[in-house]
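Sharing a structure, written as structure tokens. Questions coming.
Letters A, B, C, D, E and F mark the chains as written, and numbering starts fresh at 1 in each.
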Amino acid sequence: MPTLHVELFEGRTPETKAALADALTRACVSVLGGTPDAVDIIFRDVARHDWATGGVLWSTKTPPTPG
Amino acid sequence: MPTLHVELFEGRTPETKAALADALTRACVSVLGGTPDAVDIIFRDVARHDWATGGVLWSTKTPPTPG
Amino acid sequence: MPTLHVELFEGRTPETKAALADALTRACVSVLGGTPDAVDIIFRDVARHDWATGGVLWSTKTPPTPG
Amino acid sequence: MPTLHVELFEGRTPETKAALADALTRACVSVLGGTPDAVDIIFRDVARHDWATGGVLWSTKTPPTPG
Amino acid sequence: MPTLHVELFEGRTPETKAALADALTRACVSVLGGTPDAVDIIFRDVARHDWATGGVLWSTKTPPTPG
Amino acid sequence: MPTLHVELFEGRTPETKAALADALTRACVSVLGGTPDAVDIIFRDVARHDWATGGVLWSTKTPPTPG
């Protein structure tokens, strides 16, 4: 209370999510006050073929050519 | 119309979800009136490594030691 | 620790929401076990001009003419 | 900005999602103005055993018998 | 039975939302098949002080100075 | 890209939300890498009569009596 839903591209390890949950919770408590136990965070992995920007799925975007 | 999104820890069987959908729909109709067909329920399983409370993922919480 | 998001047409009183929260929580505990304190419910009122079915906003749907 | 979350029954191919993302983005730009890059779309597949209407999971609904 | 949640900056008129609901529903039916009645769309207005990109609320972003 | 939806009790000022958006964005970039511009945050105020825990709306919970 606050409750955060975090959508991010799939592929992050549980260790990264643990670190992110810790950092986001600290950010909430630092700004809002209250206790960490009041902060719930729910992650949702999104595949690149399930996220589109500009009408194009990220799974089909051509990465920029270096140099 | 109401539409319910239900987030719960993964591991529930379809039979349990069927029973929960029935019970939640009855609760809505009992309080709000209307017909069951107007109630939509969408479940979303959440892994324990995707849900944090107090900054700690549930997958890494130590269960309490029994007495 | 199920969390329910309930979208419903605006206009329900807090008393109705209180009754619905109670009924939904009982439904969860009855089917899933656990304690009521683990159930969070968040309501979101939706105006009829913010919900469309069949491509038509509910604010502009013509109610059926009685017999 | 707009951001669309699209819940649909699982089973659609990435090609179908790509076509849907394109069509939805064009619809947004056509009505709202702005540029396609401002439109984000996130798909979420929902299994038939995770969606209930009228208190019954779609996985257990009996298809209508043809005439 | 796709369900779309559309978050957009507040300030759009019901007429614009009606046109957008119509266009999005047509896009769904055109790509997915099915009937318009199976498409639900829920709009959610977001104030500029409730949306941040790059860590800055849109209510406080300085519009670019024209040339 | 991550996108965060943050539900919190209504009553926070835009200044607090600005500080929270900044802190959450820093947390994301610190853990995930990438640039701040890839982080979107959408706040949603929730009234106390729209949030229930344990089947009871927060608007009707009796605050604990001090000592």
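Points to keep in mind about this one:
To be clear about the criterion, a contact is a pair of C-beta atoms (placed from the backbone, for glycine too) under 8 Å apart; a residue touches a chain by one contact, two chains touch by 3 or more.
It should be emphasised that the depicted structure is a prediction, and the values quoted were computed from it without experimental measurement.
Among the other chains, C has the CA centre that is most remote from the centre of chain A. Because chain C and chain F share one sequence, their contact can be compared position by position; here under half of the interface residue numbers appear on both sides.
Taking each chain's centre as the mean of its CA atoms, E is the chain most distant from chain B. Mean C-alpha positions place chain B and chain C at a centre distance of 15 Å.
With centres defined as mean CA coordinates, chain D is found 22 Å away from chain B. Residues of chain B in contact with at least two other chains: 3, 7, 24, 26, 40, 42, 51.
Chain contact summary for the complex, chain E toward chain C: residues 14, 17-18, 21-22, 24-26, 35-37, 39-45. Every residue of chain D that touches chain E in the complex is listed here, in rising order: 1-9, 12, 16, 19-20, 23-24, 26-28, 30-32, 51. Listing the residues of chain A that touch chain D in their complex gives 7, 46, 49-57, 59-60.
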